[in-house]
Structure formats: C-alpha cells, structure tokens
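Across the two complexes that follow, chain A remains constant while its partner is chain B and subsequently chain C.
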Partner chain A sequence: MSPFAGRLILIIALAMAAGVIVMLRRLWLPAAAHAVPSIWRIASITVSEARRRRVLQAVIALVALIMISMLFVAYLSPAEQSRMLISGGLSAITVFGILLSIFVAAFLIPQEIQNRTIYPILAKPVRRFEFVLGKYLGALIVLGLMVAVMTGVLVLILLISDHYVQDQPGSVFDPNLAKVVFAAAMSYCALAVLTALIILISTIGSTTMTIISAFIAWALGSLQSTFLDSIQQTTGFAHLVLILFYNVVPKLENFDFRHEVANFMPISVVGAWQAVLHGAGYILVVLILASLFFNDRQV
Partner chain B sequence: MQSNGIVLQTEGLTKIYRSVLTPVGVKAVDDLNLAVREGETYSIVGPNGSGKTTTLKILLGLISPSTGTASIFGKSIADISVRERIGFLPEDAYLYDCFSGEELLDFYAKLFGYSTRKRREVIDELLSLVGMQANRRVPFRECSKGMRQRLALAQALVNDPDLLILDEPTSGLDPAGRHQMTRLILELKRRGKTILLCSHFLAEVEEVCDRVGILYTGRLVTEGALSELAGEATQIVITTTGLTETGAERVSQQAGVMNVEDNLVRMSNADTAQLWSVLDSIRQTGGEILEVTRPRPTLQDVFVRTIGEVRE
Partner chain C sequence: MSSPRVNNWLIACLMVSILLALVPLQESIHRSRPDRFDPDRQTRLIDPNQTGDRMRFLRKASTPAIIAALGGFRTVGADLLWLKAERVWHGGNWSTMDPILEAVTQLDPHFILAWVTRGWHCAYNLHGEAQIKSEKDFWLQRGISVFEDAVAANPDSWELSFQLAWTLYDRAREHQRAAEWARRAAEFPEATSYAARLCYRPYEHIMDFEHLFPAMEYAKSRFPNDEHHQFLVNRDIAWWTEHRDDPQEHRRQIVIENTARRQRAIDYYLYPDDPYWDVCPNCGLPSPKGSDACQNPACGYVFPRPQEQETEPAEAAAPNTPR
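Here is the complex of A and B:
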C-alpha cells in the first residue's frame, strides 16, 4: 500500500470516528433501538411506492431489449462476441443503474417535501435521521432489485448465446458467469455510494441542484485516474483544490471491473475489497452528514 | 400533561423567516403565548399570512422557532415521545397517492409499532368512523376531495391521540363535506380529545370550539370563549312587513334606531322604552311586526371587529 493510500485510509477512519461520535451525541444512543424498525418501515413504503411506478419496469424492458439486440449483431469470433456481450451488458447495467440511482434518489426527499407527504410522517414518532436512512435503504433495495433483474437478463442471454466462450468447458460452476455477476455486484456498490451522495445533496438542495450535482459527481467519480494525473501536474492552489475534489468525490472508477471481466483478465481481490471498504466508509460519513443537515432543515 | 391541566403551551414563541432578499426577516409568529387546556377545543383564527400554519408547524417540529419555547404534555416539542400522543391533520390531505386508504392507514399505524392484529383493528375502526369502509381499497388518487380529507383525518387518529392538531380541516370541501367533517370533529370532542384547530370557516369554528384565539400578523390579538369575546348582545332587530316608505322614514328618526332596510329595523343599545316607542311607531304607520330578536354577535362579527380595531 502506498503512503498516500495509507494516509487516505487514516483520514477516512478519523472522519468516520468523528462522525459517529457527533451522531451519538446529537441523536443519542437509545434512539438506535427505536430507529431500526422505523428505518425499515420508511424503506418499505419507499420500495412499495417505487414498485408502482411504471418507469422502472420500462427501464428493465429497455435494458433487456438492448442486451437481446446485441445477440443479433454481425458475426464475430466467439471470443469477440462474448466480450461484446459481457462488456455491453455490464455497461448497460452500469449506465442505466447510475441513471436510475440519480433519478430515484434525487426525488426521494425533495419530492416528499414538495408534496408535503413528509408532514404526516414527521408528525409521528419518526426521527429525521430515521427518515433519511429509511429513504436511502429504500432506494438501495429498489436499485438492488433492478440490478439483480438486469444481471439475471444478462446471464440468461450469455447462457443461451451459442457463441459464449467458457473458460473451463464442462465445469459445473462457470467462472466467467461468476465474474459477470461479481462485476454487476461491484456496479451496485458504486450505485450505493453515489446514491448516498445524492441523498446528502438532496437534504440541502432542490431536485434540480441534486440532479446536476449527481451527474457531475458521476463524471468526476468515473475519471479518478485522470484526476490523479491532473493533481500531479498542478501546483499551488489548483493542486489543493484538486486534492480536495479527489477526496470528496466518490471513487466510482474503483468499482468498475467491466474491462477485466469482458477480457477474461484476472481480478484484483484486494482492489475490490479496498473499493468496498472505502465505499462503506464514504457512505457512512455521507449519511451521517445527510442526517445532520436534514435534522436542521425547515420543512 | 402539566399539573394545571394545560396540554399545550407556548411562551414567547417567535418565528422569523430570513432570506438573502430579506436579511432582517419577516416575522411569521411574534411572541405567541398560548395555553390549551385538557379536553378543550381551541381554535386559532386569523387572516391569510397571520402565522396560523407556521405555529402548527413549530408545534409539530417541522420547523424550529427563532425564539421562545413550546411544550406539549409538559414536555418540550423536541421530545419525540410527545408525538406518540399527537394526531395531525394537514391543511390538504398530503398522503401518498398510489396507495389505498387501507394501505395508507396500515403504513401510518406501523410507524407506531403496532402489531398486525392491532393494525387491522385500528384500520377497521377508523375507516368506519370516517365512513370509508366501502372505499377502503380505492387508490387515494381516485378519491374525491371529501374522501381524501376523511382519510387524512383517519391517519391523524391512527394512534388514538390525546391531542389533535387540525389545520383547515374543512378546506376545499363542499357544504356536505364540511358538515360531515364538523360532525366528526364534534364526535372526537365528545370522546374527550383536546383539539387545536386552525380554520377560515368561522361558522364551523363557532360550532365546535370552546375558546378562540385571533392571530394577526403573527400576534395573538385576543383570545377567550366566544361569549366573552362577543360580549353582550347590543343589537335589536325587528322584522316587519307592510312598512311604507314614509313609515320607514318616520321609524328611522326614532331614538335608538340605527337603520331601516329591507323591512328590517335595527336598533343599537336601545332600552325598553325606546323599543316600545319604535314598535308603536311601526304599527301607527301601517306596518306589521313579525319578529323581534336580539342576535348575539357571531364569531365573524367579533373577527371583523377585532381585526378592524387592530388595523386602526
């Protein structure tokens, strides 16, 4: 591990510890016993509400159509065909997942405030942080279901594809399929990180501001390596600003394993774990901030 | 509850909305001191922008006061346990429109941690109370305004609250719907609920409330029981028929007569002798007396008079 990465992990750990202390002091520990059921109830109504929106089913249908259409492209070698199917399918999952995450999460809290459906909820024994976490959990469940369905469609297409290349023919457990599922799961982790950031922005801003910020965060988060190059090439104030941005923007690129899986390259388990742990820390800090901001918001 | 029977109390409650454009701020609620007693129905009335809804939002913790304090059942409004005993009906039925009444009540009951069995009992009871049993599975977005408002009231009652906070409960309802809602509020009052009500419909407020507070530009300008606010009935109205123009002219010149209009003779602060004199005068000029009444000032009269005085 590089000294820079070590310092970064230390900073994140300290921020997390500080966040936890602040939250415990402000929101009190006894609240936790009450909080879990409340969070779950808010999450479940969020999921039920999302299930009734036709747009999500339409997105799944669109993604399935894109994936199926890839089966009918001009003849390629079996290896190229499988590469294209895996890469295209995972890209569709990532892109549509990100779009869904932005458009689902960005509306969750501002819409509740705008439609004032939040009034009867907050007038009941529901703490504001429970509401925020419930909304986040609800969004995660919805996105999880969407990614699971889209991944299922991709796996099905790969299975029925005549051109599918197996690393180990005859093997009961096909490692390529497992890697495809792994890459989709990592995409989901990226969505979880981005969704937390969107929820944070939505607790302080309008829907429009949230959507714009989410797209910027997505773009910057997917260009972390370019960011690092820029940091090394700059000095002075610009250097500091870029370092700040580098550490604030979620590192979505770290969750991207599409290239490795599509090209049958080995996957760095350590890299995946680092991405997941960093993502978990990021989510924790961001959600603590979101709860604190929303606690003081006038609705 | 506090030992003196006060369920809800505010002391010096003030809310100032500040923005970039108004750094000094706009006072929505100004030094408000309220006390609502156990079992009473208290109504806050006032013109638009007088701070009624802001007051309710502060009491519910939706917004924070700039200064001052508020307590419910003797506890600070910041204490979440207070909300176990409160029911809130917002100005409009702000409920999720993709769910049916039954599903909505189930969700709100879950927020109080009720078991499945208790939720079923509560939902059945509330749907019966608000007359929505037959439409329990109708999606909220397909409900009429009256049905929506009744469902919104049902969600406010899901925890069998001791204190009900109702913001414009009859707003947007047709006369039949308003009558139905007023009946429901009276029924809740009969059951011993303490009710804090904000409304523009003064006739309904008069029908259900024990005490009224008139709010103007965020300040409580007067409060009390309607009989106290209205004072003594000072006007006498004589309903006549057959009064000629000359007769009306002659009657209007009698002592104590305010005006004669549309066969109605209005007298103010008249004593018995003056009344008899006017009655004689009506008869002598060929008029016939149908009715003599001493109407008590309505809340509407009190409201208009109070706001007029404050404006002056």
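Here is the complex of A and C:
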C-alpha cells in the first residue's frame, strides 16, 4: 500500500468512525456520566482482590531473583554486561508481565460467574459494559503496579552495576536508563492490548479456554515479522487470508523495543506513538466486542 | 435511529472503521521501524556506498524456524549463545565457535561485538589454523562475507565498515576495496583516527600515487585537533613526497622497520608478484629480487633457477603462507 493510499484510507475510516460516534450519541452520552464512578468502583474492587493473591508477590520475588542472578555475568566486558543486564531484565519484565496478565485477566470474569459473586453486582445499577470496563481497568492498574516494581528493580540493579563496574578503554558500562524505562513502558502497552483480548475471550469462554487462547494470542502477536515473511512468500487466496489474519491478531511486536535498547540503537519515536495509537484503537474495538458479547451472555 | 437493531449495525460500522484505520497505521509502523519489520525486501548488491539488503544474511539462514519460534526473545537467545561461545573459546574449541557465533548474529543482527568476533575468528584464527591453501581461501572469504553481511545489517556502524576494510587490507590484500570501505568508516562522525589513516594505507602498498596523496590529504583534514594523528599523517606525507620515485627504498624501509616482526612483515607487505623481493622458502626472510641465495647468513638457501622453479610445488613457493 502506498503512503498516499494509506493516508486516504485512514482519513475515510476516521471520518466514518466519527460519524458513527455522533449518530450514536443518544446511546453513549447519557450512559457516560453514570459509567465512570461504577467503572472506578469495580476497578478498585478488582485491585483489592488482586492484592490478596500471594502468587503475584511470589512472581515479583522471582523476577527480582532472576535480575540479581544476572549480576553473575561480571566476567564479561563492561559493554557486554550492560547489554546482557538490559536485554535479560527487559525480557524478564515482558515474560512475567505477560504471564501475570494472562493469569490475572483470565480469572476475572469467569471466576465471578463460577463463584456466583456476579449476581449481587449486576443486581445493582451497574451495566454490563461497565462491569467489563471496570474489570479491565482493575487489571490494568494491577499490571501497571507489577511492571513498575519490576522496572524499579531493574533500574536499581543497573545503577548498582554502573557504580561498581570499572569501565575499560573501548568498553563502557552504559545503563541506558531512560530507554530502559521507555521499553518497559512499551511492554506495559503490549500487556494492555493482550489483557483486553483476554477479557474479550473470557466473556465467551471458560477459564481454561481463555488461558489457552491467551497463550496462542501472545504467540501470534509476537511473530509479526514472521507473518510478514509468510505474506511475502504466498500468493492468491492464501495471501489474502494471511493479510486478513495479520490485521486481526494483536500486534504485540509493535511495542517491543527491547532489541533497540539492549543494542543502544536509536529509537523510532514515530514508531512508538503510532504503536500506542494502534494499540488504543485495537483495545477500543476489542472492549466494544467484549461488552456486546457479555451483554448477550446468560449468567 | 434508536432501535437496538440499528444501534448494533452502527456499532459494527464503528468497529469496522476503526479496524480499517489501523491497517494504514500498521503500514506506517512498518516503515518507521525497518530494522524490525523491513518492508523493503529487495535483494541488492553490497558496495561501500549502497549497503544493500539488510536481511540478506537471514535469507541464508538454515534455522529460520528457530528464529521465528523465539519471537521477541531473540536478544536473550543471542545472549545465552554468546555466553556459550565464550566458554567454547576459552576451551580452545575454535571450530565450534563459528556456528555458534553465526546463530548469535542471526538472532541478533545488531550485536556488533558478535559480528566483529565472528569475522575476525574466520579471517584470522580459522584461516591461520587451516593447513591447505583452498581451506585458507575459504576461511578468508568467509570472514569477508561475514563483515559484508554485518555492514548490510548495520549500515550505521563505523566499526563494522572499518573491520571489513581492515580485513580486506590486512588479510585479503584487496587494497582498492579496502580503501573504499575505510573511507566509508572514516566518514562517520564517531570514527577514530586510525580509521582515517587506513584510508591511505592500502594505496601505499599498491603505490597508487594518483589516489594516495588525495587520501592522505583527506586523512589530514579529519581530526585536526588530534596531535598524534596529525603527526603521523604529516610524517607519511613528507616521506612519500621524498620517496615517491624510489619504491625500492620504500620496500627496504618497511622490511627494516619490521625486523622485530619479520614474519608478520612478510605476511603484511610481500605478495606473490612482488617486484622487489623474494621470500626464502627455507627461513622465510626476504631477499632482493634476483639474488642467487638467501641474504640471511644463517640460512644460505640457494634460490632455484626459473626452469627449476616450474617443477617446484606451488604450495612450497607461496611466499604469503602464514606459519
């Protein structure tokens, strides 16, 4: 697709979306004022429930342990050490962040239905989409806290290493802190996309199905460049199917800046904000779908 | 407008239009991050001015499935293999190093140190270890090819261009190409002064005066505040201005300067068609062309006459075979 055609499609699509939002104003405008406090209340309940789970604290301790163990590569040159600490630390944040998002989000709605705790909530003046959005916001807050703690541990380890590692001529320990924090923030955006998708799956499926589907979604979302290769190598119907599939799966690789940060490469700011914009659009669509599905679900 | 059926259709329209808007946005993300998504997948030739297809080394990869399976964790995979390479290196198992380092560079094409180590390992260590000429040629070409792939994957790295230039100059003796790559390396703002001096060193060795003096002037124009660099370049300019018409003196100077590293001097400066010096196949030291016997008093080897030379095995007479 040429850049001009791309821009044209973008403008037409955004104009269509804006038109529909205006046409639907009678639907969402009165609901908006009521929705915010309800969503916030459900989110805060979700956060306090998550705080009671010991597994989250155990995961944080495990991540800290992994990061501290990376200090034992001290026999490498300072530049290699900084590279290893950054790439290993950011990968630990991503892996454990994704595992946390799967195991936090997958249980939110199905467990409420299973334990029948959803009935008193829905008996109150809480709409179903408010419940879905509240659960999503709660999961985002929990994951945000987790990622912040893990990033804090990594930054601390990098600062300690920077203090103790002796630089050599031609090999300098560079903690690259600003970019490390940036990459961790982008990882959090990837978690937000994946969590939305998990919430969507959990509105229609059981906990087991949600967990399995979430792992598949993660795998597909992390293999974007492989998808692109496959698209280039196929023709005809298979090509069309792959393009369609590519545009539907979550684009988790858009948020992956670990490689650039670990190799001290320049970061594409345009690529970053476009990824955030893309993620926001994707989350919006997924949450609308989740609300629609949950609205029709018999609980 | 307020019937639920119409509302559902409108919501569906909203979702479709948002998804439609995401398609060009994703294309734009591909364009803004070519290192990751590489939308321009045309294969091109590599030369110093056009670094070519960045992922050509991946197309040669025999393990794309593994790379794909690692997904976003390629850097970690590369790090773990790098640690393995480190252990193999210290264990002395040199031949195992190349495939491990190849995997490292495939997994993380921006790991500069891995590229440099791999290219150097092929062009120097494995080349030096090889016992027969065809094997030596193979490892040398492999080393050069590694650096070409490295430059293609990392066009913004001055160090890789410099390493390619150095290998071409020092090992392959492709002086013209070496000078071109050295010039490319020296043009990077972060390049060091020895990259600038390598711009003219290859021309010294082929005595290409047409390019030598402009290259020396270029080297002089770089790093004007680096006193050591300016001293070295000025010394070379003065020397070549004085000895421009006296190439034999140049050869003599080089050999004298390198008496402490005689063997290296032979490897560095003399090549099979050297017009001024012959290398003694017995002791490895240079003697002026046309000498009847080796100039090394401790050796005294008698050089064969031309008709005898034809019957000699080519390998034994090759002057540049590293020991």
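Basically, the second predicted complex is superposed on the first by the 259 of 299 C-alpha atoms of A that agree within 3 Å, B and C clash if a C-alpha of one lies under 4 Å from a C-alpha of the other, contacts with A are read in each partner's own complex, and residues count from 1 in each chain.
One rule holds in what follows: a residue touches a chain if its C-beta (ideal position, glycine included) is under 8 Å from a C-beta of that chain, and two chains touch if they have at least 3 such contacts.
Please read all numbers here as calculations on a predicted model, not as lab measurements.
With both structures placed on the common chain, the touch criterion links A:Gln224 to chain C but leaves chain B unconnected.
Applying the stated contact rule after C-alpha superposition, one finds that A:Pro37 touches chain B and leaves chain C untouched. After overlaying the two complexes on the shared chain, residue contacts for A:Ala123 are found with chain B alone; chain C is out of touch. Contacts of A:Gln298 after superposition on the shared chain: chain B is touched, whereas chain C is not.
Taking chain A as the reference chain, the count of touched residues is higher for C when chain B and chain C are set side by side.
Looking at the shared chain after the overlay, A:Asn115 reaches chain B, while chain C stays out of its contact range.
Look at A:Arg52: by the touch rule set out above, it reaches chain B but stays clear of chain C.
Put simply, chain A uses no single residue to touch chain B in one complex and chain C in the other.
Every residue of chain B that touches chain A in the complex is listed here, in rising order: 60-64, 80-81, 83-84, 86-88, 90, 92, 94-96, 98-99, 103, 107-108, 110-113, 152, 155-156, 159, 165. Listed in rising order, the residues of chain A touching chain B in the complex are 31, 37-38, 41, 45, 48-49, 52-53, 115-117, 119-127, 296, 298-299.
Every residue of chain C that touches chain A in the complex is listed here, in rising order: 1-2, 7-8, 10-11, 13-15, 17-33, 35-39, 41, 64, 68, 71-76, 79, 82-83, 86, 108, 110-113.
Residues 1, 3, 5-7, 9-10, 12-14, 16-17, 20-21, 23-24, 26-27, 73, 76, 79-80, 83-84, 87-88, 91, 94-95, 219, 222-226, 228-229, 232, 247-248, 251-254, 256, 258-260, 262-263, 265, 268, 270-271, 274-275, 277-278, 281-282, 284-285, 288-289, 292 of chain A are the ones that touch chain C when the two sit in their complex.
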